[in-house]
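Next come two complexes built around chain A: one with chain B, the other with chain C.
Entry: the complex of A and B
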């Protein structure tokens, strides 16, 4: 009875949300390895996971393995219909997988010597779909952002833009769909796909799922105990002029010797005539290992470390690095307690390493609904300048997020 | 050691120097060459790097004035090694050329990077969105062609699969 009322409440909230902003999800949960899922394709339409629509099986698992069950158990092992797209209210053809994602956050940041910063941020408001006819595939997303994400923008405003984070077409090369050749705007296949897109391993390598996608052609493989993707990057065509576009390659390979352990390596090289940050010719190399391990079902350990080397014409070379380790503890299904630690050095001359620590909790309270809280303490290294020694700047950030996905 | 070997070794050392490097002597060269009374730094008494670099510490991307000296007046683009003669030469040509007013700006304590003429000739800035794509010149591979090629491949694969599935009569 209570669950039914909660579901009714969630439906009402979601309907209101949908009236204002029809949305799309980034549901990159690499800790699903605790359930023996080393690969992504059983649940995600994107072969490297994280992006795009969920498969029918993925929707079912979100009901059986993701949300809090409130003592219901798994019953007969059949997923509840509310786990389906739009809580099962709309039945889509088998060939069409649809989804939506809305994530709103309250953000508060207090940096040393700076005024308190507080704001509400619409992090995601996307719709997405994936069409599969025979071996032919087509997928894409469209959304709205009040601010930021310009590198995924379809419109040209400084704010309030329509964006498309990804859109691609492809062809499955075998009957099982384990090989996919696709082209278009694609999430860069690099490292662990985390929804924490501000992790330094994602920002320094420019491989987050927020707006760092690039156009190109990729070949992805997903087998029982290994997966990988290699992409030829043709540039981001949402950025004008052509001199700012990065071209090169990006890829990863991950091997899973057991169903609860997977380790991989990533590599990327790009060149831009004018780097979008530094304005000069830039050759970027990023390489690094990553690992996912569930020593005990409630506990998953994730770690990644990447070296980043940049050759900036006229502005020197810089060798930096970024890495993180995360422990995800799920004391009861649907409640995740996480500790995350990061280290980073961008490679600027005389820059000391930066550190941070996250304490996070995620509660998957209802089908398609979760709440997330983060507390982040950051110690940022500041490079020495002439007459000024290297120093640190400390800041504390609090985040509270409301997330609905369909 | 043969000269070519020495050059290779020097090049490798320079390439793998790792950290961004600066040219700490350049501000003094600017002061002496332009006969300024003190090192000029538009950001204040921070050493002079900000005249050409985007931060007061130098070693970062160039500001428009620095880019102009490199691109138009022959300042060495070597990020590792300081090349004072090339800076002296670049400043000399700057004073004698059409952009001499920038030197006047510096002598008057004005940041030449804010000069509208310099801003107009500065590095291009990125624009975003599909709406600007039509007026931008793209020399890169077209996404449309890419999509068309993949679509053709998909159709061909589907046709082949259909033929395989057709029952034998």
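Entry: the complex of A and C
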């Protein structure tokens, strides 16, 4: 009984720590496929989307297609000036794309047998920039985090750090910018880039957009019917000791046979002399398919499933998996109702599968402003240990988020 | 906002025919006309309409596609496409004219396929082009499908540019429909 109670406490603490460690990506809305946008450019300066500043075109789309129109038809006028960077108050040169992102959340978690946890969390407070001169590109972000994100930190405090999630230079290899070769700290190109950064598919594969970026060189391509990116990973140099740095490759390829359907595969392999979690030499392999489909403009279905295999030297092997399916329903422009379901097994011996379900609503109520509410029920599988059988722990999480971006 | 545009369309298709080459083609159903335009770095624009008429005139099969209901799925882009680029109020339809004698007609239950020289009228200008088509005999009807490529510059259509995003001038058009063999 005591063991169970300890496990519950541990899970509750882990949930809180995870939310502190993993803040939120800026704008990763793969459901924009409902408008025929299978690729991420030309709205995002990052060829694989989700990260960094928006282009001028992307700002216009956020006004035309993202925010609630309050009875005004989507085609009734041009994009409002308030949709531009800083609500149109500042006009930047064409070559310079700037952005900012602030997200604050109220977090409540109730795990079985544990006290109620309630927190206010600054999930993101970042500035972005992207400079394009001819074919040459330079991009980066800088931000402040009260807690966590140490693997993206430029300063060395335990708390209150200045971070840079990404910074890279690159060159477009063709006139239209379909091919981008870049080097620096880059978001790992793997799977679907989701705003729901705590999805197990992101955490188990270590490919979230909060602090899991790595240094390396990547080649990205965006064409009418396909896109992809392949990155050679040189390690995360924000981690001071080289033995903890992972090296290998990461990439995805996605094919879009129509403007409302895209399916892809991801693959990653890394080796670390000492894994940052397990402390031993670790070879990690992650592979899996993903799909995005809009059978009807108000409805988008997203799904991903990844296998994760880890060879831990002298400590055996772990073969796990993580996947999710999400339905995003937009009954009227600017209001999204979502159902998300996940499954995960980290691969520990005797660990039963974990499940969860999300009920979410996002309201893009004003230019550059949205509110989000999530209710998450989680049934976490707990591996058997000496003297205890495999078991489950249940928890309920509520999140309310206020988000402003520029 | 626009977003670019696109163009048009027209349809095509064609083809015609019938088990008996003398049959009059009429009453198109199940029509779908699609154009695919592209922008930089993977941007793809697809426009569709189901409006299509087929008539015969002086030995030609004339396929007319009204453009008023052409849509790309984004209202403002449609508005720009029709008002600024295709100028639909001035040029409300695109037509494809094909000499009937140049078409291959399928035998009963079979399929015919080929390339045919046709004339397309779009945006007030006419240009010759080659249409690849196929036609499947389906009893009392004929299922036809055709494809071709046009260049906006050939028709005096301004190449759409929106907030630094320029649409490529080449546009692929396809059309499919069923016609009664009257």
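Operating definition for what follows: the second predicted complex is superposed on the first by the 378 of 406 C-alpha atoms of A that agree within 3 Å, B and C clash if a C-alpha of one lies under 4 Å from a C-alpha of the other, contacts with A are read in each partner's own complex, and residues count from 1 in each chain.
To be clear about the criterion, contacts are C-beta pairs under 8 Å (C-beta built on N, C-alpha and C of every residue); 3 or more make two chains touch, one makes a residue touch a chain.
What you see is a predicted model, and the numbers here were worked out from it, not measured in a lab.
Engineer: Put the two structures on top of each other at chain A: do chain B and chain C fit, or clash?
Structural biologist: Pair status: fit.
Engineer: Name the contact category of A:348: first (chain B only), second (chain C only), both, or neither.
Structural biologist: In the superposed model, A:348 contacts chain B only, not chain C.
Engineer: Quick check on the superposed pair: does A:159 touch chain B, chain C, both, or neither? Answer first, second, both or neither.
Structural biologist: A:159: touches no partner chain.
Engineer: Which partner does A:177 contact after superposing on A: first (chain B), second (chain C), both, neither?
Structural biologist: After superposition on chain A, A:177 lies in contact with chain C alone.
Engineer: Once the shared chain is lined up, is A:134 touching chain B (first), chain C (second), both, or neither of them?
Structural biologist: A:134: touches chain B, not chain C.
Engineer: Tell me which partner touches more residues of chain A in the superposed arrangement, chain B or chain C.
Structural biologist: The partner with more contacted residues on chain A is B.
Engineer: So, does A:55 touch the first partner chain B, the second partner chain C, both, or neither?
Structural biologist: The second partner, chain C, only.
Engineer: I want to verify one number: the closest Cα approach of chain B to chain C after the superposition, in Å.
Structural biologist: When the complexes share the chain A frame, the smallest chain B-chain C C-alpha distance is 19 Å.
Engineer: Report the residues of chain A in contact with chain B in the complex, numbered from low to high.
Structural biologist: 133-137, 150-151, 153-157, 161, 169-171, 173, 181-185, 215-217, 234-235, 237-245, 247, 274-280, 311-319, 347-350, 383-388
Engineer: If we count contacts the way the header does, which residues on chain B are in touch with chain A in the complex?
Structural biologist: 15-22, 24, 46-47, 49, 55-62, 66-67, 70, 77, 79-80, 123-124, 126-133, 136-141, 143, 146-147, 149-151, 153-155, 157-158, 161
Engineer: Looking at the complex, which residues from chain C come into contact with chain A?
Structural biologist: Residues in contact with chain A: 1-2, 36, 38-46, 72-79, 162-165.
Engineer: Applying the document's contact rule, which stretches of chain A touch chain C when the two form their complex?
Structural biologist: Per the touch definition, chain A meets chain C at residues 35-39, 41-42, 47, 55-57, 60, 64-65, 73-79, 94, 176-178, 222-227, 256, 258-259, 297.
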